[in-house]
Every structure is written in structure tokens, then in C-alpha cells.
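Paired with chain B in one complex and with chain C in the other, chain A is shared by the two complexes that follow.
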Partner chain A sequence: MRQIITVAHVVWLEMIRRKDFYILFILLSALLIWLMIFDVFGLTTVSGYIKDLGLLAVWIMGWILALNTSIRQLPQEEQRGTLFPLLAKPISRLNIILGKWLGSWSITCLALLCFYITLWLGITIKEGRFDYATLCQGFLLHCAALAIVCAMGLALSTRMNRDAAATTAYVLTGTAFLMLPKIPSMLIHTQGVAGALLLGLYYLFPHFELFDIRHRLVHDWGCAPWLTVCEILLYAVLMTSVFLILAWLSYRNRRFTRENLT
Partner chain B sequence: MIPAIDIEKLSVAFQSKTGATHALQELTLSVSPGIVFGFLGPNGAGKTTTIHVLLGFQAATSGTAKIFGQSVTDAVARHRIGYLSENPDAYSFLTGRELLTMAGNLFGLPPSEIKRRVNVLILETGLSFAADRRIASYSRGMRQRICMAQALINDPDLLILDEPTGGLDPLGRLEVRTLITSLKERGKTVFFSSHELSEVELICDRIAILANGRLLAEGPLGSIVPAGENLERFFTNTVTRRTDLAAPL
Partner chain C sequence: MKTLSPTFQGLTLLITFWIFASSLACVLAASRPLQGSDDSLLDRLLGESRKTLSVTFYNQADVYFHKGVTHTQPTAFQDTLFQQWGNIITPRQHVHAEGPLSAEILPWLKLAAHADPHNVDAYLVASFWAETGLNRHDLATGILKEAQRLNPADYRIALEKARMEIRTAQYEAAMNSLDHASILLAQNPLDTESDMDKAEICTFSGFILEMKGLTEKAVVNYKNVLVIFPERFYIKERMAILEAGGKPVDSAQDLLKRLTRQTAHDACKDEDENHDNSKHINHNG
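After this line comes the complex of A and B, so read on.
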């Protein structure tokens, strides 16, 4: 466990000392200030649209941060020449994978917390309010979704270079988020091989839409049933484990030579 | 006595589009503890491949390799090894002290022991003035020294150095040489690959010469180099004379 935390600690320090988070934080703050100062939709007293756009921005930024952080971990070790000294330590490749995932996920969750606090501050200044229990639920589910995203990014980066892994991960997660909820209605009109293929995709891809309760927060619908939330969290644990196992299987016997280090 | 390194009929082949490349062919080698062992060979001889197999970076096609009696495929075998790579670099966003602490944690050393060793190594490598500065601001020589300190954090019984003096100025080379000599005096085993034959001549107890993945000569420096020949001439003669024998299969 100590080795995993040590690897994660390096990821935390890197993230804190890089500019990514600060840029996204400034962008989110600028967006909120812009929405508050310039009455874009002529709704001076309604904070709902700030909630809606703010939460959308937080989701997008969390997504970018989780994918960028997790995907660069392993290829970067190879590029900067720190991989060999790391592998020469008595650390298993499984622990490297787990440490990288833990570091990426936990630091993204911390950044996400900052984003949520900023959003909450913006809404409070605009005299709006969030239902705190629903907000906590939203944050919890958002973190769980990012655990899958980080594991997926890491798994892809075990065999692909950073750019290829990033493109693939953005396409896959974007498709999963936007297309999967539509598959059940598409299945009504699709049969045969195409239908089976769609059904396969439906069960194969992670269902990120399950973790999105932005509508509940925007329209003050209150908390989702906690039992359902627990089931979704369990689903997140399962999907994260699947991607981490895939990452380990792909990485454990990977041969590293001077030639394949760029 | 258990050898520090025990390699038995080790072969490594790479599959490429043009066919199989044999990086190592049935290499058998044994390194006793407490000596300085020079691993020599022209570029592409298989020196780095051997080191990579010893450290578990890549698997052997056949044969076995052991470190102090433990298979190199077991991560535990690396507890007693320190390693400095051919082009050493470190996490540039960490400070020198953070890097050494991280390395100590990966070896599972107690925190108080890590603190003590980090302070000693920072002093020994002459990096006291820069220990709390980020590595990004270090010069090449300073980076080499912090990487060397990282390799020594676990007080290794076996130090594997892959061309440690490559790219260093004469002063840097002297520092590495002094370090290797002091490690030998403390009973440590040093296994290093090098092109600097004059340095090998100065500090090595035994040498092995490799070409095209095959072992051409191995033994104590004083007995395998004939009287009246220096190492450079012996090396050149051995490699060129036996090129036919060592040609890839």
C-alpha cells in the first residue's frame, strides 16, 4: 500500500505544480462571473441557468482533467526517462498501475471539489441555493464517474502513445455519454446483427449517464433514492476494477527497450 | 557463496518485420559479490539488453538470470539493487530531496532511516545547496548526481550502472570512479557497462567482453589481457578477431 501511495504522491505533486488545474479553475470562475455580471438571458433574479451552465462546465472540466491526468502518466514516464529508474525499484507493475490511478483520480476529485465550491459560491452570491444533500450526491456520483474515466484512460495508455490514447478515450467516453442512453429506443427499430451489435455496445460501454444528476440540482427535485445511488456506486467500482485489470494485463508483460522509448 | 549475478544460457530475441534479431545468445556469466565487474562490448553488443533482463524490464526468450539467488522476474530481487540508467533523468517537478524520499519509500525503508540516508546522500553528492530546489533547475551533472544518489538510497549490495560516465566531463568521471572505488571498499558489488576502457582498466577486478550477443572473453583483468597488451588493444583484437564466431545466427 505504501508503494501505491508513493506513486500516487508523485502524481499529486505533479498536478499541483502544473498549470492545467489553475487554467481550468480560472476558466470556470470567468464563466461564472460572466454569467452573473452580464444578464445573458434577461433573467436577473433566476439562478437556474447559472446552475445549469455552471454544472455543465464543471462536468466538462472534470472530464478533461481526469482524462488528461490519467492518460499522460505512463507514456510520460517513458518519454522523460524516469520509467527505468522506477521499474528498477522493488515495485510490481500492478502497484504502478494502482498508484497512477489513485493519484490521478484523487487529485481530480480534489480539483472537482474546488470547482463545486466555486459554483456553490457563485450561486449563493446570485441569491440562489443548492439542496446540500443533492449537491453531495451529485459530487459523489461525479467522483465515481471520474474513477471509471481515469481507469479507462490509464488502460488505453498502456499500449498507445499519449495522443492516440487521448483521442480514443475522448471519442469512447463522449460516445458512451451521448449515445448509450439512446440505444434502447434505437433497438425498437433495429433487429438482427445490427440490433445484437447495439445491445453488445450497450452492455460493454460504461454508462456515464447514470452518474449525472444535474437536472435534480438545477430544478431542485431533491435527492435520488440512496439505495439507487449505492447501486450506481457499486457499478462504478465494478467498471473501474474491470479497466484496472485490463490495464494491468496489458502492462504486466510489456517489454521495455531503448527502442520503444521515444 | 551465492553469486551477486548468476546468468545461465540467457537468450533474448526480438521479432521484427525483417525477422528475428538475437540480442543475446546463450550468455552464461557469474559475478561474485564484492567485486567491480566491467561489462564491455561495442554498440549493439547486448550489454544494455543484459542489464534490462537483470532488472526485469524485459523477459528472456530462454535461460535464467538470478540476483543473489533470486529470480529476476521476482520484484523482491530488486530490493538489493541500485541502478543508474544510460541516460538518467528524474521527475523535474520534484526537488532533489523529494526524489530521494520517494525512492526510499518505494524500497519500504522506515521514515527516520529515509531522512537520515537522504541527508547523507545529499552531502556525499555535494547537492546540499540545491536539495530543496526543483530538479528542473539542475545542470546535467547535478541530475546525474541526484540520479546516482537515488540509486544508492537503499544502500544496495549490487549496483548496476549502464555507461555511467557517458557524457560526463573529466571531473564528473572522476567522481563516478571514486564512488565505485569507495563502494568496493565497503564490500559492495558493482556491475557496469562502459566504453571507457581506460576507466575499466583502472577500477575493474573482472571483465567480460560481449559482441553480437555472445560472450567472447571473461575473467580477471590481470589474467585475460596478455602481458605487453593494454585493454584497448586486447578489446579491439578480441572483438574484430572473433566477429565471425559472434555473427548473428
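After this line comes the complex of A and C, so read on.
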């Protein structure tokens, strides 16, 4: 466990040094300020649209941050050559994978917390309010979704270079989020091989839409039943484990040469 | 600090340009009146994407009216674990926003109008909501004025203004607005709905003229309605009674009130909506 935390610590330090989070934070703040000063026919008390668009921005930014952070970890170590001293230490490849995932996920969650606080602040200034229990639930589920995203990004980066892994991960996660909920409807008109393929995708890919309770937050529907939330969190643990195991299987016997150094 | 990765740089630039472009588009669109022509530089640059964006915002207003509950689609199967979780996580009731919650619909209509100032429907629905949902006559009037400034040739704005004036019993002003709408309609008929609207203008005008005692002019208007919709028997009957010098059972004023009293909830009932109607609730917020 100590080894995992040491690897994760390096990821945190790297994240603090990089500009990614700061830029996303500035973009979110700019968007919120624009939304707050947007004149809605002179009405000053409406805040639903700020919640809606703000949460959408937070989801997009969390997604970008999670993928960028997790995907660059292994290829970067390889490119810089820092992987060799790391592998020379008494640390298993499984621990490297787990440490990289923990570091990427935890720092993304921390950044996400900052985004949520900024959004809450904007809504409070606009005299709106969030149901705090639902907000905590939303944050928890959001973090769980990002755990899968980080694991997926890491798994892809074990066998691909950074750009290829990033492109593949963006396409896969984006498609999973937007397309999977529509597959049951699409299957009405799709049969044969295409139908079987869609059905396969439906069961294999992670269902990110289950982690999205923005509508509950925006339209004041209140908390989702905690039992269901716990089941979905378990599903997140399962999916994260699957991707981490895949990452480990792909990485454990991989050979590295110094010729690939840039 | 280290340099950003190329992917991240690209995404950051994309988001920055997108925010900048949308802001610029909205500011430019609202800062000067577009006279209904599609030859402006802005229209040429953004083209249909601007209209698509506007329609997206407009549809979002409908989602807000139903408190975030979207229309359900038929599915090939319904009992997978993911669907069961989804049904619990996502509310499915057919609910309407009422009272103060109605105000939350307006930003989306404003955004729709901002993205495409020629989206007259966005203005009309916004003024309707301000009038009937929020009871803000001043706000509704302001919205229609802005719509008219940006779309001076569109008869629907004058017609909506007339409806609003009828609701507030300003019949003289309503008659002027109906005349204005009638002139604009003759000059710029739309492909769809024009006949329906023309019939509505004639019907409203007929009722107002009847109230003023100008029965002959009212009958002329009713005849115009029958030219468009010959199957409207209640107009036929009313016309026959008036021509025979009689007095119809329903007064013109009552009929006008009834015709313009429609709320958003009535409009929703008319639609074939795929919500779970077993739990139809109105939320006051």
C-alpha cells in the first residue's frame, strides 16, 4: 500500500506543477460569470440554467481532466526514461498501475471538488440553492464515474502511445455516455449482426449515464434512493477493477527498450 | 510549470474558441436589429448551426416545463439491470412546472432567441409564459416589443400582442393589433400555420366587432373564416343568427375569453406526449 501511495504522490505533485487544472478552472469561472451576467428578460432570481450549464461544464471538464491525467502517466514515464529506474526498484507492475490510477483518480476528484465548490458559489451569489444531500450524492457518483474513466484511460495507455490512447479513450467514453442509453430504442429497428453487436456493446461498456444525476440537482427532485446509489457504486467498483485488471494483464509482461526514448 | 500536452492544448483552444464564438454571436445578434433578411454576414458565417442551436435551447425549455423529464422512447427490452437502475435514478413522472418554477423556463427561451433572433416562436412562448405563468404583463409586453424590433415583418408577434390585449380586456388595442397582423400576414404569409392564424385573426376581429355592435362587419369576418375552414359549424350558426337579427346564446366577450384563456398545461394536454401519465403532478416550487 505504501508503494501505491508513493507512486500516487508523484502523480499529485506532477498535477500541481502542470497547468491543466488551472486552465479548466479559469474556463469554468469565465463560463459561470458569463451565465451570471446573462440578462434573462430582466429576471434576477432564475438560476436553473446556471446549474444546468455549469454542471454540464463540470462534467465535461472532469472527463477531460481524468482522461488526460490517467492517459499520460505510463507513456510519459516511458518517453522520459524514468520508467527504468522505477522498474528497477522493488515495486511490482501491479502496484505501479494501482498507484498511477489512485493518483490520477484522487487528484481528479480533488479538482472536481474545486469545480463543484465554484459552481455552488456561483449559484449562491445568484440567490439559487442546491439540495446539499443530492449535491453530495451527485459528487459521489461523479467521482465513481471518473474512477472508471481513469482506469479505462490507464488500460488503453499500457499498449498505445499517448495520442492514440487519448483519441481512443475520448471516443469510447463519449460514445458510451451518449449512445449506450439509446441502444434499447435502437434495437427496435436493428436486427441481425448489427443488433447483436449493439447488444454486446450495451452489456460490455460502462454505463456512465447511471452516474449522472444532474436533472435531480437542477430540477430539485431530491436524493435518489441510497440503496440504488450503493448498487451503482458497486457497479463502478466492478468496472474499475475490470479495467485495472486488463491494464495489469497488458502491462505485466511488457518489455521496454531504451531505443524508444525521445 | 511544464508545457501542456498537444491533445490538451487542442481541447483548451477548441473550448476557448467555442465560448468566444458563441459569446460573439450572441452579442452581435442582439446588438443590432436583423430585418428578417438572411443575407447578413452573421447568417452567412454561422448559417444553419445558429438555428440548430436555437432549436436546441427552445426544446430545452420544454424539458424544463416538464421538470427535466424527457419524452420516453419505445425500447426493445425493458427489464435489464441498467434500465431498472436508470428508472430509479431518473424521474419519469409527467410533471409540470408552475408558479415561480415557470421562470426557470425563460432563460432557455432567451438563449434560443439570442442564438437566432428570427426564432419568433421563442419570443412568443416566452411572452406567453411571462403572461400566464408569472403573471408579468409588463415582462410579456417587453418581450414582444423586442421581438417586433428584430422581426418587424412577422405577423405572429402582432397576433400574440392581440391575444394578450384580449386577455387584459383592451379590445380597442387588440383590434388595432389584429389589423396590423392581418396586413403583415397578407404581405408575408408563412408556409405553414398561415391559414390557421388568418382564421384566428378573422374570428377575433369578428367577436370584437360584434361587441362594438358592428354586426355586418363581424359577419364579413366570419365569412372569411368559412372560406378557409368551411366545416366550422359554430361560426356558420352564429353568422346565421346575426344575419337574422338574433342574439347568439354565447356572448362574443365570453367566447373571446374562452379562446384566449389557454394555459401551457392545456397546450400540453393537446399533445400526444410520451410521459408516464399515471403520475401527473403540477409542481409549484
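Heads up, the rule we're going with is that the second predicted complex is superposed on the first by the 255 of 262 C-alpha atoms of A that agree within 3 Å, B and C clash if a C-alpha of one lies under 4 Å from a C-alpha of the other, contacts with A are read in each partner's own complex, and residues count from 1 in each chain.
One rule holds in what follows: a contact is a pair of C-beta atoms (placed from the backbone, for glycine too) under 8 Å apart; a residue touches a chain by one contact, two chains touch by 3 or more.
Small disclaimer: the values here were computed from a predicted structure and weren't measured.
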*In the superposed arrangement, does A:G48 touch chain B (first), chain C (second), both or neither?*
second
*asked:* Output check: A:L201 vs chain B and chain C. Expected answer is one of first, second, both, neither. What do you get?
replied: neither
*First, second, both or neither for A:E231, with chain B first and chain C second*: second
*Identify the partner contact of A:L172: answer first if only chain B is touched, second if only chain C is, both if each is, neither if none is.*
neither
_By the touch definition at the top of the document, which applies to A:E209: first (chain B), second (chain C), both, or neither?_
second
_Partner chain in contact with A:R17 - chain B first, chain C second, else both or neither_ = both
*Which of the two partners, first being chain B and second being chain C, lies in contact with A:P181: first, second, both, or neither?*
second
*Examine A:R72 and indicate which partner it touches, taking first as chain B and second as chain C; both and neither are also allowed.*
second
*chain A residues in contact: does chain B have more, or chain C?*
C
*Pick out the shared contact residues on chain A: the ones touching chain B in one complex and chain C in the other.*
14, 17-18
*Tell me, which parts of chain A touch chain C in their complex?*
14, 17-20, 23-24, 27, 30-31, 34, 38-43, 45-46, 48-49, 64, 68, 72, 162-163, 166-167, 180-182, 184-185, 187-188, 202, 207, 209-210, 213, 215-216, 218-221, 224-225, 228, 231-232, 235
*For chain C, which residues count as touching chain A in their complex?*
1-2, 4-8, 11-12, 15-16, 19, 23, 64, 67-69, 73-78, 80, 82-83, 85-86, 88-91, 100, 103-104, 106-108, 110-111, 126, 130, 139, 142-143, 285
*chain A touches which residues of chain B in the complex?*
14, 48-49, 52, 55-59, 75-79, 81, 83, 85-94, 98, 102-103, 105-108, 134, 147, 150-151, 160
*Across the complex, what residues on chain A touch chain B?*
2-3, 6-7, 9-10, 13-14, 17-18, 80-82, 84-92, 253, 255-258
